[in-house]
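Each of the next two complexes has chain A plus one more chain, namely chain B in the first and chain C in the second.
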Partner chain A sequence: MTAVPLKKRIPQLLIHLVFVLFSLACIVPLISVLSVSFSNEVDILKNGYSLWPRQFDLNAYTYVLYRPLQLLGAFKVSIIVSVVGTVCAVLFMAGIAYALSRHDYKFKNSLSFYVFFTMLFNGGLVPTYILISNYLHLKNTIWVLILPYLAVPWFILLLRSFMQKIPYHIIESCMIDGASEFRIFFQIVLPLAKPGLATVALFTMLQYWNDWWLSLLYIEEEHLVPLQYMLYRMMNNISFLTSSTNMMPASMKNVVLPSESARMAMAILAAGPMLAVFPFFQKYFVRGLTVGAVKG
Partner chain B sequence: MFKLPFLSPSRHFKKNLQLTLLALPAMLIILVFSYVPMGGIFIAFKNINYTDGIVHSPWVGFDNIKFFFTSNDAWLVIRNTLLYNIVFIGVGTFMSVVFAILLNEVLSRKWLKAYQTIFFFPYFFSWIIVAYMAYSFIGPYGVISTWLSKLGYESFDFYSETWIWPILLTLINIWKGLGYVSIIFYAGILGISQEYFEAAEIDGASKLQVIRNITVPLIMPLITIMTLLSIGKIFYSDFGLFFFVPREVGQLFPVTQVIDTYVYRMLKVSGDIGMSSAVGLFQSVMGFIVVLISNYVVRKIDDDNKLF
Partner chain C sequence: MQRAVRMSKLGLVCTIILLVFSMLAAACGSNSSNNNNSSGASNNTAKNDSAAADSSNTDTSGNAAATDNSGGTAANTTADLPEVKLTWYFPGNWPQPEQDKVFAEVNKVVKSKINATIDFKAIPFGDYDQKMQVVIASGEPYDITFTAGWINNYTQNVAKGAFLPLDDLLAKYAPQSYASMPASFWDATKIKGQIYGFVNQQISARTPAVAVPKSLIDKYALDMNAIGGKIGPDTLNLLEPFIQAVKKDNPQKYPVIGIDPDFFNVEAIVGINVPGVVAFNDDSLTVVNQFESDGFKKFLATMRDWNAKGYLNAKERLSKKSDDWVDGKAGKFIFNIGGAFKPGGANLSSALGGEPYVEVPAGTAHLTTGGITATMMAINRNSKNPERAMMLLELLNTDKDLYNLLNFGIKDDHYKIDSDGLMIPGDNQQGYNPQVPWMFASNFLANVEKGMPADVWEQTKKVNADALPSKLLGFTFDAEPVKGEIAKATAVWDEYSRAINLGVTSEEKYNEFLSKLKSAGAEKIIAEMQKQINDWKAGN
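Now for the complex of A and B:
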């Protein structure tokens, strides 16, 4: 790298300058939220937020975690929905994607139209809402947070292009050996499509973990509120978390209610788990996008 | 052409049956959550009341739609939706292509990896988290207010100034999607055969000439597909961006209300089922028409780039 000629070095520097600036733009907002969550409430009210805590303070976390039942409940809902949803969604979508990837499947064309058409036209919010709440009676159940995302057309098409890359003669020879389609699917195709499955699993998990839409529409009962929806409800009103000062830890009785910083602490707690899994999946993520981008 | 000669007709039947069974769970989900609601679009032509129920409420024809278009809201939400999307598509695509080209010029693998990782960060945050982040900058105690007061300026209340929001929302939207989309284009550039670049180098072409005459034309199909997909959704908006980031401040509605938030508020806040379903239907139909038209246009210009 040291052998870069001078003529190339200046453009290189300019490119790095642009990218470093944008990288900062990506990281700084997180730092600022983090900083506020560790700041002293009185200091915030007096001097405003800063990108580095002027007075390091854990009151926000003490406050948020003091009576953690509600918070733990929200975590529980989010985790159940993300895990159950991702496992089922990947299985369901892999099944239909496998059928679509088979050139010798009789209904290949009609089935891909069936999937693709829903990307072009939909019934709209109101019919869906009425169907789910009045006819399926899924309102205020955990199912409503899981079922609607079990078959996302875009992910199905992505998985299909992954599976089309599996050499057909492998499947063919299995068929000659008399293996059933189920066996080929579970024992041959799924293991071979692992990178694709990992990509879609990450996309799906991200979708479930970050979802506020379904809970915004269909959840009213406290014990079914997932993290993101809880964050939304706290946006204007921190008291949702602990309704009265009686709930504050004794050591904090004389302290200002850390509403500004506690809110940011909640945001950190909600974003944390996804940031933790991000590095493990990142390489799949980029690869998945690359495959999806190639028309197939 | 893929008929397997060694399979008997009964094996073929069995194979198709088993493949259908594998596809069945996803088919059912799509049936229930996508196709059945399509059957409910008749709600838009009814005056729904709770005593008669959905099925027996009286028909009102196009009254709901008419009522929407005679209200002041119609022009406002349609204008906002379309203008924002046009700006997002234009600026977003341009920036993403520029970033992709620049990523391709980065010589150090280590930096390249670091940039790719960091640019993906915003994609991982939900809109609610983004709203919190924005608030930490532009809220009443936000970093920007702090700086302004330090510099001796008067405080600026972002949440009551309408003029700044088109800029803010555009910036935030680009910020969130740039890493994602630019990597798609970057992958497209990586797919270009190296021979083109080598030939250009032998001919002594400058970097800019290479970009203009080789890179951009060769990723044009990809740019077209991505743009077409976005244009197909031009009547839809990112609900989270317009709903959470402006913190539902009513004063900002003139510049933050889009069709999606309008339909949601009509349904959940006002409880006006007829109107919200009429607007939703308008959105679906317009979206469908736009996709068909843009695909038709692309087909005319260049058949290879069409979507279907």
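Now for the complex of A and C:
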């Protein structure tokens, strides 16, 4: 312990204070959700939320875990979709982006335009739905959750401009050494583009993990419902039932909703594992982002 | 090269930040863009539908001819019916953990009775509107769908040509259900003279319920019979002595009065939140602005008075958008006026309120189009088997066991019948308990729950029959021409309604509210309503 002069300590303390407050702002809501999920329903009604359950109660969890297979199934779907989706999507997009980045590619401009065009215009909801459900027959398959996000034009253009920074001389010299196009792509370009790929992978993964829209439209079978959709469905039902509509059938007005603590328990069960897993992944993401890019 | 590396890193950081923000923005904006999508979608479809309608006409006639011989008898002779599969979309508190088991049982029965199996598409409430929009717009094959004024909008779908007119099918394949309801019910569903919706009977007459905790009634000697049917905006002070007495010992308790069109004895054309109502006793069918009516002013004055006397705990309640039974469970209600009165309804209030409640109707019940068309089934215009779909609806509306199976699950598992013949929860009720009896078919076939009067359905039928039919029965408003104004007026109402309800609105604020409504287009809305009503009157 070396004594730090007071003058230096005050700004340091201030900075610490700011970050302590910031951390609190992040962690307090989480703790209160956790606390509510363990609270007794009546306690919440009478005294409002608290950071520590007044009475430890596992009712909410027994309610939510009444059929644990449902929740586990949803986890499984979400994980499969996120992992398979991210790997496929990154490979796919890197492929297109690489082709677009090569200035000796003949159809570069027209293909670029083709990709760029879909960023501005799309088919719209109903035509897309008709295509996917009536022509491709993808409804109620796991593919419908993966395929639509395989090629996101924004990410493709991002990767393209990233790859354009890789000096063409490298590729050229590989060619002279007799490497095939595939070898150049997999062994030279992809490793050099790692930081870009990592960024795109992170965002693609988040997109897959957080998506409920595709499952709302195309999934009707319980075993294919991903986690986010399950949560969304529950919350959406509640907001639908509480929004006052005087046209509803008389008996509708009083439907019993899942209790506050059950909702929180659900949120904890859904978010919890991700909270534990994410920090480990994060390490790789950060490393991926900071790996020195191109060596000249 | 060093520089290039640094540049690319900087670029990367910038891109990441940009992406993060764009994601946030996307998350915030996603709702509205979805809405845009869907409204655009519904415009697109008009064309599709009319094209499809043409082809389906030939289709159905061919089918009708094929099954004519069996349909004539309609008496469940399966022998000569070819096996078909019917797709049925309906909303509810889905999914239920054991729904597949129950649906399989239902299919066994349906198979034996009309040689059909049902493909159940049980959609959660919140998703149903969206889902049906794309299903109908894309022309995906289905046979039956739940429709109403409040979800999967009936009038709009009929206007799009999505549903099949049912008049002939009803007469031929569902004579029992057709006869079981008064003609006024069928009239309410008619659009341009044709029936498109098969009504699931339930409590259709509307008046708010006055629900009071039994403990308070006993302690403070409230005569429920004296107030039943007499509560309206002019007569709220009947309840004042009771409030005063309760309040003295329990300052934390307060009365809850929902602002409901039925409470003001008017029929709201769109809803209480949109200006434009017709008084139930008005023969000339003049549309007026409810917020400028005497009844509303009287209500406003009473609420102000009560707030001044400290009855309403306005400060505490103002922060919440609406009162719900959660507060009731916390023991805060002196009474609750709202919802809709129905025989046996106190059972539910007691469950929600956590203590026994007693209910009486607030005023005279009225029969409105909205009340009747709140629960209906429609058949897809492109359905391959419309007559079998109708047979299924008839079966569900006449076969008590089948209906209760679909509704409450498997006997002695999901529910039980006690020695008095009343229904009690089974050991495994959590496995299947969708709580939507009015959704599958006529509610009057349901098992009577313990705590309800044994003749609850007889009583309900009587309430329906005794209710005064609205003079607007059969009229449905097409909101399309004034959609924008309605949205604006609703926003104004949302801004002021809570303060009005809690009596914290000054005269000045009230006038501000009226003038804001005016600039939102209240007069235009009312004029459009009047025009449509006049046209409708002329057409009848």
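Here is the rule we use: the second predicted complex is superposed on the first by the 194 of 296 C-alpha atoms of A that agree within 3 Å, B and C clash if a C-alpha of one lies under 4 Å from a C-alpha of the other, contacts with A are read in each partner's own complex, and residues count from 1 in each chain.
Everything that follows uses one rule, which is that a residue touches a chain if its C-beta (ideal position, glycine included) is under 8 Å from a C-beta of that chain, and two chains touch if they have at least 3 such contacts.
Treat the numbers as computed from the prediction; the structure is a model and nothing was measured.
Applying the stated contact rule after C-alpha superposition, one finds that A:Leu231 touches chain B and leaves chain C untouched. Of the two partner chains placed by the overlay, only chain C lies in contact with A:Lys165; chain B stays clear of it. When the shared chain is aligned, no partner comes close enough to touch A:Phe75: not chain B, not chain C. Of the two partner chains placed by superposition, only chain C is touched by A:Glu220; chain B is not.
Of the two partner chains placed by superposition, only chain B is touched by A:Arg102; chain C is not. Using the contact criterion defined above for the overlaid structures, shared-chain residue A:Trp143 touches neither chain B nor chain C, since it reaches no partner.
Ranked by how many residues of chain A each touches, chain B and chain C are led by B.
Contact with chain C, but none with chain B, is seen for A:Thr199 once the two complexes are overlaid on the shared chain. Chain A residues 45, 124-126, 129-130, 134, 206, 217, 235-236, 260, 289, 292-295 lie at the interface with chain B in one structure and with chain C in the other. By the touch criterion given at the top, residues 1-2, 4-5, 8-9, 12, 15-16, 19, 23, 37-38, 40-41, 44-45, 93, 95, 97, 100, 121, 123-127, 130-131, 134, 137-140, 148-150, 202-203, 206, 260-261, 268, 271-272, 322, 324-327, 329-330, 338-340, 342, 345, 348-349, 351-352, 370-371, 374-375, 430, 435-438, 443 of chain C touch chain A in their complex. For chain B in complex with chain A, the residues that touch the partner chain are 1-4, 6-7, 12, 14-16, 18-27, 29-30, 32-41, 43-44, 54, 99, 102, 105-108, 111, 114-122, 124-134, 136-137, 139, 141-143, 145-146, 149, 175, 178-180, 183-184, 187-188, 190-191, 207, 221-222, 225, 232, 239-240, 244, 247-248, 260, 263-264, 267-268, 273, 276-277, 280-281, 283-284, 287-288, 291, 308. Here chain A touches chain C in the complex through residues 42, 45-46, 66-67, 70, 124-126, 129-130, 133-134, 158, 162, 165, 195-196, 199, 203, 206, 216-217, 220, 222, 233, 235-237, 239-242, 244-256, 260, 289, 292-296, going by the rule given at the top.
Taken in their complex, chain A has these residues touching chain B: 1, 4, 8, 11-12, 15-16, 18-19, 22-23, 25-27, 29-30, 32-33, 36, 44-45, 47-51, 91-93, 95-96, 98-100, 102-107, 111, 114-116, 118, 120-131, 134, 136, 147-148, 150-151, 153, 156, 168, 172, 175-176, 180-182, 185, 206, 209-213, 217, 228, 231-232, 235-236, 260, 263-264, 267, 270-271, 274-275, 278-279, 282, 285-286, 289-290, 292-295.
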